[in-house]
Amino acid sequence: MLETSNTESTLIEREQKLAADLKSRFDDVLEITIKPKRIKIKVKLEKLLDTANYINNNLGFDHSTSVSGVDYPNSKEFEVVYHLSTYGREDIRDIVIALSTRISRDEPKTQSLISIWPSVEYSERETFEMFGIIFVGHPKLEKLLLPEDWNDIPPLRKDFKPPGR
Amino acid sequence: MSKIQTFSSFVKRLIIVIIGLLITLTLLFSLLAYFVPSVKELQNILLSSIGNPSLMLNYLDQKGFGLNSLFFKVAVFPGFTWAALIAAEIIWFERKFLAKMQMRVGPLYAGKIAGLLQPIADVVKLVFKEIITPSSSDKWFFLSIPIIITSIAAALLAVLPVSEGWIIMRSDVSVLIIFAIVGFVPIAVLLGGWASNSKYPFIGALRGLHQMIAFEIPMLISTLGVVLVTGTLDLVNIVYTQSNVWFILLMPIGAFVFFSCMIIELERIPFDLPEAESEIASGYLTEYTSMAFGNIQLAIYIRFYAMAGIFTTMFLGGWYGPQILPNGFEIANQVIWFTIKTLLVMILAIVLRGVNPRVRIDLLLRMGWSSLLILSFANLFLVILILQTELIQMVGV
Amino acid sequence: MSKLSLSVGPQHPGSGHMRIILTLSGDYIIEAIPDPGYVHRGEEKLAEYRTYIQNIPHLERPVLLDATGAIFPYILAVEDLMNIIVPERAQFIRVIMAELNRIISHLYYMAIYGIFMGHSTMFMWPVGDREVFIDLANNIAGQRVSYAFLVPGGVRNDMPEIVKERAEKACNYFEKHLIEYERIFMNNPLFEKRTKGVGILSKQDAIRLGVVGPTLRASGVKSDVRKDDTYSVYDQLDFEIPVSNACDSWSRAWIHMEEMRQSMSIIRQCLKRIPAGPVKLNLKQIKVPPGESFSRVEAARGTLSYYLISDGGKVPYRVRIMTPSFRNLITIPNIMKGVMLADMPPTYWGIDYWPVEADR
Amino acid sequence: MVFIIKMLNSIRSGMNQVFKRRMTFRYPDQRLFIEGDGYKYDPKAGIGINGYRGRHILYLEKCTGCSLCVMMCQGISQAIEMKNVPNKQIPVNKKSIFPQIDYSKCVYCGFCVDACPFEALFETNEYEIVSYDRESLLFTPEQLAIPPKKRPEPTVNLKYGDSDVYHG
């Protein structure tokens, strides 16, 4: 029992360290949320590439678990969330950093992070076709899962209603 | 008319149709016999042969269709029908045996005993299917390939000595004839793949070509050992020389090389590259349907029987074996021993099929052009050594 | 040399419901482009129209072979948002089900590996032995394949006592049979010759591409969510993570074999340790407060993660499913470059790619 | 040499299997034995009772026609609909409406059983629901009320031998 509480405390310490590190580095970070093993950072679109570079090079988060788009039609925004994790550093393998940014719904354009994490290739393609978010710098932004002749609005947007629902 | 739902009801229907046809034909026949004299003679023979079947045999002998005629040998025994029957039953055995090895039951319902009639049922099914020719294929080539492949396989049966005197065509160079016929197969496979005008069949055909060319040479050289010892190219004489000792004891390496080459030549599963299903759909068989497909399969199994028979003849002492039937049945005894040995060779090939995955083309070619070739030469040198040291007299060849 | 473009799939015995566009030069693949999407169902969109409970039978559909592994992270995410702690007996039953599913899925993997290599016996044996574990899962969960067994707050019903005895017998039998698997398949000289050194994915590449599951561990990275980011009762259990440094198709199959052994050991430990008690919290209503949660588990094919956003309503606001197959899709163009056409099936199936799971 | 030993090993392994018992059973002649008589739910404790989830059984006298099962099924497979059965007069069910289940849509998840607070809808261990047309897969309340037929003999179960498994 003592042991588990011990690792718990170290977990919180590690998390705090990571978060403090990020905060001190980027003083204009919009928001940092810390839950056990999960850290969420919200950054401005312009800072996305810098933060990603820092997380990859200095913190050692070497791959991306998933790229998710979230549609917020009320505030006319999309949120793009990169979940980042690591294989290289064994001490922080249990921590997942969610790096998110908000972009305008009218002009959905963001920077592709494929140069930093090659593992985002297919996830970004999927987010592109499901939300219509354009990832600048992605080498092959084409349809992946949807049929070639899909000519409706991107289906995971909230204003797309699946037939029968 | 009730619905045909099971295979047995289908067979019943078939038998009813055949009996009906027979009755109708008999009536027509007896009507005809009153007007045409030769038919009347035939009718007499038919009627009297019910009491005395030898009359019928004599009559057939006169006409050139008797038991000793070439026609009977080619068409019935030891020719096509016999081989096709063995092929069908080896298909059944293969399915049943592999099923046993794989924790399942295998064919069960067609035929009352353990699915014995399953191959026949498959043939019946295939006959009633539609032959589809791809629109862009070379139609005549495409449809002639099954016939060509079947003919090649059947031609191998011509030189196969089943027992003393029961051989379709005895030749002084029957070993060479075998290699000449086997050499035809890759050409037919290539034509079949090309005529389909599709990518997968073509790749399969090219693979088949590579594979079969690579294995002619080790096979030929391993056969050379047998030819050196016996001093003849005649398969019947090769069998006679083995009356005391089988050549597999004299040259096990040669037998091993020949057996491997045989499986490779037959495209059986460790070496079924031309029809590798998971890689290239079904290779050169991809576009074939119905009885065109069935013919190719039948040809493969007839070739299987023929090659196993040749292995038996060359290395396992052909028809020689202890007398198990009473005197007067020597020929039948020989046939039984030949068949048993051939089936054992086939079963060994089936076991190998059950436990091995498919090999890759580069591994196969390397194996063929290096290890098997070296082994076959080693076999040849050993044979020469045996001949030089006159060891051969000691074992009594 | 002229090039030949070959479309493998979707109607091809060696592809599954997806297409790989190959460019061949001679017998060598110089380019492989995967084209998934033939079985896309839009589960992520449809999940926004169903309540949290109604989602359960549907979200396990894409990963039918590993139904518990597919639904496990979803349940964890919902419970994380609801902030409830599940009774311990339920946790153990969940782990037992997850490991049974891992064995079932891995057996299917071995079966298809066998038939892709033309080894029909290796197809039939695992399919037959799957029945043993499907039968066990049926005894616990009341269904053979799609269980819908895990619910927020526990599991749906208690495990009958007969399972203990049957599972012990099943594990004893299967451990013996695994040795035969090794003899007939893994150590078969022809199989070794064909798959050793084929489809190399180096350790650096595996990390760079974010590969998951057995494919990752076959490339020498000792990473498993069960140990790294432990969940449920895995921290109380003693098991090994098999790792191989060979990075090839053979070692991927070997990892699957070893993981089945480890899973059986986990099942045995669970059955020994399982405490008595309730198996489900009596939740009258599933009310999920607003917030977001990211949860991941080690499913049979690798890390399966859910990113769940709730706005406090009856239905989730956004469900992001990240399946291991989709994450491993990126390896196909990388490891297929330079292998022979004949090595396409073992390379493709080596990464345990399941089109339905990838397309969702 | 290693090649030959390994090859002989795999042949031995294959031949060993030939002498073991078979795994398969002959389905229409034999049927799988399934323990218990189906999945039930205890609404007070909120826990299901272990059993096979096959076709449903509806206790007409307990059903109040509350449509909770229909609401649960809405998002899952839309298999359940309420149907009026005029000649069934049950005191708790004033409108005489009962669920009918379309088995061409049902996924057998059993959440309708969990949703029922009156212990009126359970699942049985009958799994042989086949038909030549879709219409006969639509089970009316009266059909659902019929308890399943006893499975014809012989039934088989998975048995563990010394080094093999078989159905017997």
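Note that the chains are named A, B, C and D in the order they appear, and that numbering of residues resets to 1 at the start of each chain.
The rule we apply is simple: a residue touches a chain if its C-beta (ideal position, glycine included) is under 8 Å from a C-beta of that chain, and two chains touch if they have at least 3 such contacts.
Predicted, not measured: the structure shown is a model, and the values here were computed from it.
Listed by label, the chains that touch chain B and also chain D are C.
The most distant chain from chain B is A, comparing centres defined as mean Cα coordinates.
Set against one another, B-C and C-D show the most C-beta pairs in contact at C-D.
The mean-CA centres of chain B and chain C are about 46 angstrom from one another, to the nearest whole unit.
Chain A and chain C have CA centres that are 24 Å apart.
The distance from the centre of chain A to the centre of chain B, with each centre set as the mean of the Cα atoms, comes to 65 Å.
Chain D has residues 10, 13-14, 17, 23-24 in contact with two or more other chains. In chain A, there is no position where the chain touches two or more neighbouring chains simultaneously. In chain B, the residues that reach two or more other chains under the touch definition are 101-104, 354-356. Across the assembly, chains come into contact as A-C, B-C, B-D, C-D.
Partner chain D is touched in their complex by these residues of chain C: 49-51, 53-58, 121, 125, 128-129, 131-132, 135, 138-140, 142-143, 146, 148, 156-160, 162, 166, 169-170, 172-173, 176-177, 180, 183-185, 187-190, 192, 278-284. On the chain B side of its complex with chain C, the touching residues are 98, 101-104, 199, 203, 269-270, 272-273, 276-281, 353-363. Residues 4, 6, 12-14, 27, 114-125, 128, 184-185, 188, 190-191, 193-194, 340-345 of chain C are the ones that touch chain B when the two sit in their complex. Chain D meets chain C in the complex at residues 2-3, 6-7, 9-10, 12-14, 16-17, 23-24, 34-35, 39, 45-53, 72, 74-77, 107-111, 114, 158, 160-161, 163-165. In the complex of the two chains, the chain A residues touching chain C come out as 4, 35, 37-38, 40, 62-66, 68, 70-71, 81, 83, 87-88, 93-94, 96, 98, 117-119, 121-123, 126, 130, 143-147, 155-156, 160, 162, 165.
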